């Protein structure tokens, strides 16, 4: 184990954050099966450590950019649970009042500058936010989360090169969960590690981290964020992880080879972290207290979201323009 | 395409063709005036539903048929209208209609002899008389109809005019933003209850005394003429509802959205000239009604109350009545009662009241 | 007043806004050190320095994406896409991301950015560097669309676009870069969503955009000699659209013609024609006629290119033939 550069309260925060994500995503899954969550939903079950690790290392005014698999990152930055569930359920209390849906969770007050549904689209956008921070001298950084599949799309290449040339304070964090939707990433990528093996192409360090170890993620996140904040430029980090649910909806993920899920479940990030905390002398009762408190919070948020009405129809024509309207003529 | 007898009112079951404007074999344009119908007391012009040739007429002028009955047949020709460049563009149609022009009188200089907007505007310009010569102005449809009815009324009904001067003080105290008209209307309904012969219509040589008051309210459409929409069963309405009903009808009239049902079965008419500032008007009765009331300007005047001279809002109510239906004494009594109601009714209470349905 | 070329007016407009507001920044390919491939941004790097005026790699998605990220975090970026044809390369950023971000997050984000580009034909560059794609932008809800025809309008509308809190796609016409015109001195800001009536007539109303505007004016002069008096309206903005002027000017003459450089199908004139047919039907003295480039890619040879896009002759002939 690394020397204890992570204090107790940070570890508790890391633990709590992962549990929040786990319990909320499970609830989202149940609600989806009850047809209360409509459309589609991409869950981060099994990938909690990445979101928790980075968010805990970020400053409140840092920027998060994530994909349609973004509930975890949105929650980890502190967005309210009822807002997340409400948005998934298309209710008025949703973070965006039902306008965006599961794939576009946004909470600017918490630094979540959008969840993006077109693969790769947000990488250049994150670079732009980093450029803005750099130009304004604010010390803010942008952390951009994306999947292994994103590494093969054009915008990835453009954004990485752009960020490297301009030395922008942006961390590109690839959550390699082994699958590009339903296809194993290895079978469609020219290199073994879709992100890390391309870092050299942009003059960047090859960084691979155990994405199921919250401490490891936290340390690497802290290091790269500090580097960026200090003017050291961008980083490309590949976090190895696994999603225990399907790509989306009720995808039973039959494309997994037998035994793979079981292997990765042994490395469940929360189970691992729990064990470590107990080893480090944390009280089991405290941990269970966190679990109960989070469950209560998820339950409350669920009831709150269920009680919230659908959005008023008049929002259909609102907020296209900065003046709040959508008129194109006089 | 069949031309059928239209339904010109909810309760109308049949109609009489009074005039055909086209002969069999003549070309017809969709929207052009094709025939006229009378139902009960409403006369309506009906446009052709399609363009083509009027192939056959099945119902002659003067015949009465049920609603929906086949009146004529138009053989549609896709190119019929195009044939001699008689295609009229939307703006040309609009201008022709507005100025009462006949396209046949205008030479078309457009492609294939088409009448263009410029052609119509130039014709209007050419026929605009120089300033020192008299200018001919065609009468609009509504004005023509009004003219005919006025003449008929004057010719057949022996009109007598009687007037009373009314102190509108009590009304003024209560009315707030409302005009005097709804108050007069309420008072008229009450007075008519006591003088049934005034709320009557002529049928042959008897008077039909009506239990309900269908109040016609004359609306001035400016250059277009006069129209009299009817508030049905006005006596059953409390003052606020009656005020609203009158307002709604007036708006409908000005927006040209009145339907035939709005114009039928009046038993008494009020002609409100108040805003023109006149002292007295001798209105013309709408047959088969037997009377009509004119309300003129209400102005502050010195009046004697008790032995003192005070300033009061005063207006003249003048009724023209049909001397065949009743005599001067009866009419005068009606007017006196009307005056009394206006001057002594509890108008605040009337304003606060609601109809049975809680309107 | 000073006489500027259309391209000088671009630099003047950007400079005016960058001077006024330090949050305005500018990025694009070859825009800084080289002053732009069309020489539209000469002097900006010297004046405002390398922090605010930046050259980028050939990365349209990164350019426009970065503009989006910067706009949502406190800057007011102007991004250049060298040829409007290249919008196809970064169309996801423009149509899916920039146009929709504010709506999808219910107003949490605002994107005060301008994407300026060189649009239009006449340079013999061939089909992939000569298109007029303003109608593409018009078709996506969430984008404002501007296309000036004169140097004064370039400066004034660019200033207005930069000051607008919403994404504006600013279509310069590469064929007009060398044209000259009077531009007001000092701070000059025009208004988006306003068309200009350049010439008043009584028989026909011609609505045109960008490089088609001078052609419409020339056609109107020739038609006048033949007894057809035409109004010419420079539309200037597709979104917001000045429907009030369009309807009023069409009602005055009863005839509407559009002159469009974009290819026929779903060109901007189709929308204008639809609006006028619906809302001014009873004032029309004849069918609405669109004069457009035919529905083909643009050929490269000068003799071909010049006769594909509407010419003054074609405008005159069409109106003469159909005005009766």
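Here the chain labels run A, B and C in written order, and each chain numbers its own residues starting at 1.
What we mean here is this: a contact is a pair of C-beta atoms (placed from the backbone, for glycine too) under 8 Å apart; a residue touches a chain by one contact, two chains touch by 3 or more.
Note that the coordinates shown come from a computational prediction; the quantities given were computed from them, not determined experimentally.
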Partner chains shared by subunit B and subunit C (touch criterion as defined above): none
Chain whose Cα mean lies nearest the overall Cα mean: C
Cα-centroid distance, subunit B relative to subunit C, in whole angstrom: 55
Separation of subunit A from subunit C, taking each centre as the mean of its C-alpha atoms, in whole Å: 40
Length of the line joining the C-alpha centres of subunit A and subunit B, rounded to whole Å: 73
Residues of subunit C touching subunit B in the complex: 203, 254, 281-286, 322, 324
Subunit A contact footprint on subunit C (complex, rising order): 25, 51-52, 54, 56-57, 59-75, 77, 92-93, 96-97, 101-110, 112, 141-142, 165-166, 193, 239-244, 275
Complex contacts: residues of subunit B adjacent to subunit C: 89-94, 109-111, 114, 116-118
Subunit A - residues contacting subunit C, complex: 63, 65, 95-97, 99-101, 104, 106-109, 113-114, 116, 118, 121-133, 135-136, 140, 142, 154-155, 158-159, 161-162, 165-166, 315, 318-324, 326-330
